[in-house]
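Dropping the structures in below, format is structure tokens.
After this come two complexes, each holding chain A, first together with chain B and then together with chain C.
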Partner chain A sequence: MHVFVARHQTPVLLIVLLGAAVAISEVGGLDALQVTLVEMLIRVLVVVGLYVFIGNSGVISFGQVGFMCIGAYAAGWATAEPSFKQVMLQGLPELLQENQFSFPLAMAGAILLPAIVALLFGFAILRLNGIAASIATFAFLIIVNSIYSNWDSVTAGVSSLIGIPTPVGPWVALAFAAGGILVAHLFQMSRYGLLLRATREDGVAAKASGVHSVRMRLLAFVLSAALVGAGGGLYAQFLGILTVDTFYLSLSFITIAMLVVGGMGSLTGAVAGVIAVTVIVQLLRFGERGFPVGSALFKLPVGSGELGLGLLLALILIFRPNGLSGGKELALIRGPREMMPEGGAVAGARALQDDSNAVA
Partner chain B sequence: MIGFLQHLIDALALGSIYALTALGIGLLFGILRLINFAHGDLITVGAYALIVPAADVTARLMIGSWTPAAVVVAISMIVVVAALLTDAAVFRPLRTASPPTLMIASFAVSYIIQNGILMFYGARPKAVDFWSGANVQITIGALRVPLLQLITLAVTLVLMAALTVFLRRTPQGVQMRAAAEDFRMAQYLGVRGNVVIGLAFAISGVLAAAVSMLYITQSGSLTFQMGVPLALFAFVAVVIGGMGSLAGAVAGGFLLGFIVTMLQAYLPPDLRAFRDAFAFAFVILVLLVRPSGLLPSRTTVERV
Partner chain C sequence: MAALLEVENLSVRYGDLMALRSASLSVDEGEVVCIIGPNGAGKSTTLAAIAGGVRPVSGDIRLEGRSIVGRRPEHIARLRLSLVPEGRHIFGTLTVEENLQIGGYMLGDRAAARAGMERLLGHFPRLRERLRYPAARLSGGEQQMLAVARAVMTRPRLLLVDEPSLGLAPRIIDQIYEILLELRQREKLTLLINEQSSARILKFADRIYVLRGGAVQVEGRAADLRDGEAIHRAYFGFGTQDSAPAETAA
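Presenting the complex of A and B:
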């Protein structure tokens, strides 16, 4: 029992923490914060999705936001007003054009479609290593953006996809974020997660021990795409309106910044990064609106939020390459050593430090 | 036939811009293994340095109204200083970091520059009338060629020749090539790492400044993200040509200019919009089929 608790305490603690934030804002009637809170929870799901692949495999992907785009549009296609779809999205299959599907079905689409795309795309590129794999994922993001912004009859192109019902509130977002955290945790505790981390630590040794690294990476890539896609589906049904450029370089930058700030070596890092970046950017935004100092109104210039985020990321990369969490997991009870997810700190360091063997 | 020749000249001019940008990115990659995504934003810096800081829609020229020679010197110096600053502030403390980490860091630099410009100049695109006299058309036989395209091509050839002479004939250039070959070994043999890297950043700054002046003369409009697409395409050129190889970067730039122009000209109209998707799908294809590019450099082969 003790071992079981020690083993699975991290996701529970993280979920309780996020749940407390939602409960406080609901009870305290902090409606002004609600939008920020829901957005933060959706980003928790997305960044945890990023972590499943990047954290465990050590391969940095710049393209996961592309899966968010695919998931968001899948949900949009399923739930947007049929009258809108029949006029604007005539390239869609009739089944989608004429019906308006329920929230669970839309979410299923937002999870499945990105997962299928990830399976096909990952199958092609995951045998690449290091920087080549990163570049390929980056190219993937640009391809997705280019296709979705120009395929007018299916995505409404550069104009927006509108008329999506918005059933997503704080509790729904919390439920999905919690689900994402649990899935990520179970994956990293599973033998597949362990095998994948072995390939990250030492690719050659892992291969020599019979680990099929491409297969393990593919599994994590598909799982990651499913989680990130679910994040996209939630986002679509939270905003009620979709534009393609929402899911491009800027969001890719922000989500990776969150993961790096928190520390890509641990699940706790992924969640902590989202919370830390959201709080800091939000404080700077308040500063942009101005606050009184004595009798004068002190205002930060517009754009401080973004500038602050860029500086924060640069500082973290330079001074704390393992992120705020340092690659450790949140824990109250110490379990027997071998039961803890091993080597988190080392792993984070590996992902970020010079691997002079990789490119000699 | 005339139509094809016309497209070919367009392709050469576009390819020149890509080649110059790709050279700036390729140079740093060769030495530092840094994919400098912020290179595009250095081009933006050069372009915005021409005008008075203000949020007006129509920009007033400041440096841009000086004599051409003074403009070239001033803009080059500003961009070189900006490039050196990015090195000193961010990339130098990250000398031992892995290539993907450096790439993330360059994203941060890019984000900082873009939002810095946004703060001072505002988000709206600005029309700017800079050296618009260069846009006249001149007739060669049955061809009508914008003078600017010829200037672009000439500037590119001159800069490439100058860079080649620098790399082959001067001690600094030889050191730089040695550092690109094997950075650690070069250091053991007395090459000063930070000097070589600083020099590489300075050269990439000069190249970025040249691109910004050529590009602004042609497009006549400024936005705070104008450098991003240039950097993206140059990045493609670098990968196609072979990362770490400068000749590869140039060849990749011209090839990409050719592909993009011809896709634009001869693709059926329905598919024309997906030009960028084709270009980047080509990148993935190159990575899969020929990971070291068309003109591979000997030094980027991955070893166990």
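Presenting the complex of A and C:
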């Protein structure tokens, strides 16, 4: 029992934390915060999705937001007003054009379609290692953006896809964020998660231990795409309107920044990064709008939000290269499994050692 | 009966360099065979080729009579032909226990893997003490032991060990060979080991191949080579009794 609690406490703690934030805003009637809160929870789902692949495989992907785009449009196709679809999206299959599907079906599409695309695309690129793989994922983001910007009869091109019902509020977003955290946790505790981290640590040794690196990476890539796609589906049904450029460089940058700030070595890091970046950017935006200090109006220059994010990222990279979490997981009970320190300390220990001392 | 492992006329080329020239060797079930030779002799290349890490230009490699040339390393590992790579390739941020589990997953039998780990840790008391440590925190000798233990977790039919003594203090090397000897007796391991230093190996091995310039110079039973003369000649191109090196180039 103790072992069970110790093993699975992290996701529960993270979910309780996010749930408390939602509850406080609901009870306190902080309606102004609601939009920010829902966006934050959706980003938790997306960044946790990023973490499933990037954190465990060690391969940085710039393209996961492409799956968010695919998921968002899948949900949009399913739920937008038939009258809009019949006029603007004549390239869609009739079944989609003429019907308006329910929220659960739309979410199923937003999960399945990105997962299928990830399976096909991942099969092609996951043999690549390191920066080559990262560049290929970046190319994927550009490909998705080009297709969705130009396939007018299906995506409405650069004009917007409108008429999507918006059933997504804080509780729905929380439920999906919680689901994402649980999936990521179970994956990381599973043998597949462990085998994938083994390929991250040492490719030669992983092969010598019979680990199929490509297969493990592909599994995480598909799972990641499913989670990120679900985030896209939620986002579509939160905004009610979709444009392709929402899911491009700036969102890709901010989600990766969140993962880096939180620390890509742990699930806690992924969640903490979203919270930290959201809070800081919101505070700076608040400053940009101006607030009274005594009789004067204090106002930060426009663009402080972006600048602040850049500065935060630079500071983190300099002073805490493993992110806020430092690769550790949130835990109240110390389990039999000690937390794994990553990065600096380990790299130091890996350096040449005096064997006779260490063994004596 | 065919040998467990047969390597026949194996040649490997790295660009312009012929790393192996038609080398042949064999390992019988239960044997301990060592490949010795100076730097650049082709020892690591031989093991890498057997384990699927490099593709030979010609020649054949057979495990129990079946050719395994051209198979990918993870497939060969699944035939339970396990390589301990040179230079302690361990999974640094994972714990010692996780490192061992990864070796055991290949068996596909959790209970057997757990029992195997328990038995194996009997040979590696130092690893048992450090089960929850990140592997990168271990000393160099402990890391080498972990690399060996992880490979043994796969219950190999043949264990390939690439220079286990590399960069380790003599006392640690002795410990590692003691453990290998123990494993050989208790787990009935068949071993193919690469080494640079011959003295220790001559006591440890059943048979020896001396490799130089990518070709097998001498092969024979370790007992017959113990005076060192043949090995010295193979290593350096001249014997200890010769007055002067007439020709040192290969």
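Annotations
Keep this in mind: the second predicted complex is superposed on the first by the 337 of 360 C-alpha atoms of A that agree within 3 Å, B and C clash if a C-alpha of one lies under 4 Å from a C-alpha of the other, contacts with A are read in each partner's own complex, and residues count from 1 in each chain.
Assume a contact is a pair of C-beta atoms (placed from the backbone, for glycine too) under 8 Å apart; a residue touches a chain by one contact, two chains touch by 3 or more.
Because the structure is a prediction, the values reported are computed rather than measured.
Contact comparison for chain A: of chain B and chain C, B touches the greater number of residues. In the superposition on chain A, A:195 contacts chain C only, with no contact to chain B.
In the superposed pair of complexes, A:212 makes contact with chain C only, with no contact to chain B. Of the two partner chains placed by superposition, chain B and chain C are both touched by A:204. In the superposed pair of complexes, A:20 makes contact with neither chain B nor chain C. Of the two partner chains, neither chain B nor chain C is touched by A:332. In the superposition on chain A, contact of A:5 is made with neither chain B nor chain C. Judged by the touch definition given at the top, the superposed model places A:130 against chain B, while chain C stays out of reach.
Of the two partner chains, chain B is the only one touched by A:317; chain C is not.
Looking at chain A, you'll find residues 204, 352-355, 357-359 touch chain B in one structure and chain C in the other. Within the complex, the chain B residues that touch chain A are 33, 35, 89-90, 93-94, 96-101, 103-105, 107-109, 111-112, 114-116, 118-119, 228, 232, 235-236, 239, 243, 273-277, 280-281, 283-284, 287-288, 291, 300, 302-304. Listing the residues of chain A that touch chain B in their complex gives 60, 62, 124-125, 128-132, 134-136, 139-140, 142-143, 146-147, 150-151, 204, 249, 253, 256-257, 260, 301-304, 306-307, 309-311, 313-314, 317-318, 321, 351-355, 357-360. For chain A in complex with chain C, the touching residues are 191, 194-195, 197-198, 201-202, 204-213, 265, 327, 336-338, 340-342, 346-347, 349-350, 352-359. If you check the complex, the residues on chain C that touch chain A are 51-53, 72-74, 77-78, 82-85, 89-95, 98, 101-103, 105-106, 126, 132-134, 136-137, 139-142, 147, 150-151, 154, 168-169, 171-172, 175.
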